[in-house]
């Protein structure tokens, strides 16, 4: 376990962290979870610290887990919506009396508190793939305090940490020999980001599982991230492969992580403009891509279903899977709280 | 005083609680109120607990009393608006990427905190009478932590507790021989719920007063609740009757509780659709139904006026009554804080 | 230093406070700032206290500094938006089911917490110059707890306190002999209030500097406040003068405080209606009024630039000035936190 080198770091992408660093934060998270069963609050961990949470997008799990989490560590949070402040703007995108340049906002907040967390994706950045990430990175560039990514279009590292913590609770720290089926599913909405798929796989890749990604031929994850996942999982004793049907992935799987994600080829920068209508039509071709009982039964006898939530019941997953013996979903949701407490306890000075 | 059997309970309707249970929570509330005069916060009562407050409707008293209340008990609260999360939806009413099924939200929040409180009524449920209550009950069904009703179209039990606490401060624990005039009044708005009338009367009914409900012939309270009030007040040594003019109610009254409420016969399920225009016309026939000096003077010499607030000054009640010697309204408002602290201290584990 | 006479006072205008009182609050603020470098929170200063923050207008600095500030003093705050409650209304301006009379809101909040802070200006009062101030004064009239002005169209006393605290950190408590250039600048927005200019000058006037206010001939500050500034600064050994170009003000200045403000003659009560289009045209005549490197270099060698933020970069001030050696802006922003903690620690009982 590493006990130095984390204080003051930003938490924007898991790829900035070594396996030893990720494991250290997980171990702190597990320790905090056990402690939480005894007492709710540790006022001596981050006493008096203030976390600024900036939400461009709606949130249930992320907001409540951060707000409860920093409080349980002894601190406090501010729930900030761009409609309550001026809208943070990159240089060159400013509008008088409506926006404020990020460099100014970041430096001001740095003087008043201890960490900034940000969620910005989808419609809020007109589906420009890397724009949310650039906004978060710009905050980090100017901020003197740690910046935490609460999800952009590319990354959702807090979800990745909670996911791998849930895997560790089930299987221990070594995931070699475990098969993770990671699948696209249908959804009537074309607005579900791809970041959770990315970071579920990247977080797991540190621990060497067999990752099988299933998607229709028109769909894909970010190839640069795909290469990183492949390299990392192979370096840790596992494998990464892609199939074009759910069944091959689900067969003998330990975990079925199946949910919708957008079609990257119908969004910027590949497309000039987001093509949501075309995407909806494309998705309809694959309406039978759903996590259902039949597919769960193809997995190992104790196979579990995972989803970062919120899910589209009846489209991504059936009620039987969500509410039956397969669900690890609420453990996964709870671990958002503990995993993020582990991250915050390690990085906030 | 009962000291067991309350931990972990939901607080959705007073009708779920025995007289001994209501009295126990009131006694805790009075104790906490006295303590509050000495010190503001007791960090040893609910240390580290998180209350999730979900507000579909606007609120001043309810929100601030819960938010200050849980803080004063040592805990923390999250102010959640459905515009900041996905909208909680009953099964069958879901819309992809806009709603999340209540069973999922309730189970997720149960993993992250200690109680859920909900306000949902009126326009937010298209005036379907019992829909808000069903939403709250659905949260309670799936939640492992207590659920508190912060007002639906049917019940407002927190207001009822504050009201009866205010009566107890004035008259002691026995209300036999006290006359409570509970009246409809005019309002130019047709959106004022009936729940406060219901729970003022139901909360008082445990302690045996003479309840006289005054309303124009077209108006009524929920007959099922009316029967429950009548049965409960008679079992406790009091009486319930209905009159069609304010004067008969106010005559020799100790308390005049007079405010507008909707006309149930012009709303679902009696009407197929809410008929607000028709209701506004009907209300205009009774524009003289107002709590004024003349009517207050018909009561006992020390008669008091009560209203859960916010009130429509000049329509429901005159400035003279609000700001004159009759007002018990700000004691009543303050007791929201203490009554709810009593409830939370008893039911939150 | 004065240690009595401040508890329970409202903080609406600096003009209600003597020099000794302002100095006492500044000294407390400086003490709290030094302590803050060692520990983040002092739970023994305002333990268990609740601050109700009512924001009609957007805010970054004000909200976060108050929210973090009261927390660091051991208390808690509620972020209240008029869209989440009924809208506070003066008598005669009420609308049933949409507004609540201020006298009622103020008395209710007084029963539930310990201080009320309010921001209300600009569009939210249809640019009626004194209406926001009247709303704040009405809250203070009915409230039993201190009311703090978080900015109206006339005053921004918290900003004034932070500004003069920043001057004190640079120059000590005596500002005699220091030249403050206080200038209007161009902005493409016509919605930037004049209150910060007023209170920067009034706060400084206690300590005797040479204040030179520069503005185009069509612009002016409130003449009644101008007279008060002049009288106060002269009584304290300084001077106040007005010039019609930035250069005369910047020449040999220690401080350049340069930002846009509205044209009072194009707003009520001088104009019957706000004339924003006419104002935008007028402003365009003075597009070269900007705080730039050339003008900063006209000042003393160690001249500093101040601005309450948010600023319109490229219009009010250049990037070179904001991000170069002249900026005292982030010290100024940080001092919002400490100055307000000083005020709250002194006035909240």
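The letters A, B and C name the chains in turn, as written, and every chain counts its residues from 1.
In this text, a contact is a pair of C-beta atoms (placed from the backbone, for glycine too) under 8 Å apart; a residue touches a chain by one contact, two chains touch by 3 or more.
Just so it is clear, the model here is predicted, and its values are computed rather than measured.
Trainee: Enter the angle, 0 to 180° in steps of 5, of the rotation superposing CA atoms of chain B on those of chain C.
Mentor: My answer is 120 degrees for the C-alpha fit.
Trainee: Between copies chain A and chain B, are the contact residues mostly the same numbers or mostly different, with half as the line?
Mentor: Both copies touch with mostly different residues.
Trainee: For chain A and chain B, let me know how many angstrom lie between their CA-based centres, rounded off.
Mentor: Computed from C-alpha means, the inter-chain centre distance equals 41 Å.
Trainee: Name the residues of chain B that each touch 2 or more other chains.
Mentor: Residues 79 of chain B each touch two or more of the other chains.
Trainee: Under the stated contact criterion, what part of chain C meets chain B in this complex?
Mentor: Per the touch definition, chain C meets chain B at residues 47-50, 52, 76, 78-80, 83-86, 94, 96-97, 100-101, 103-105, 107-109, 111-114.
Trainee: Spell out the part of chain B that touches chain C in their complex, as residue ranges.
Mentor: Listed in rising order, the residues are 39-41, 55, 58-61, 63-65, 67-68, 71-72, 79, 81, 187-189, 191-192, 309-315, 322-323, 330, 333-334, 336-337.
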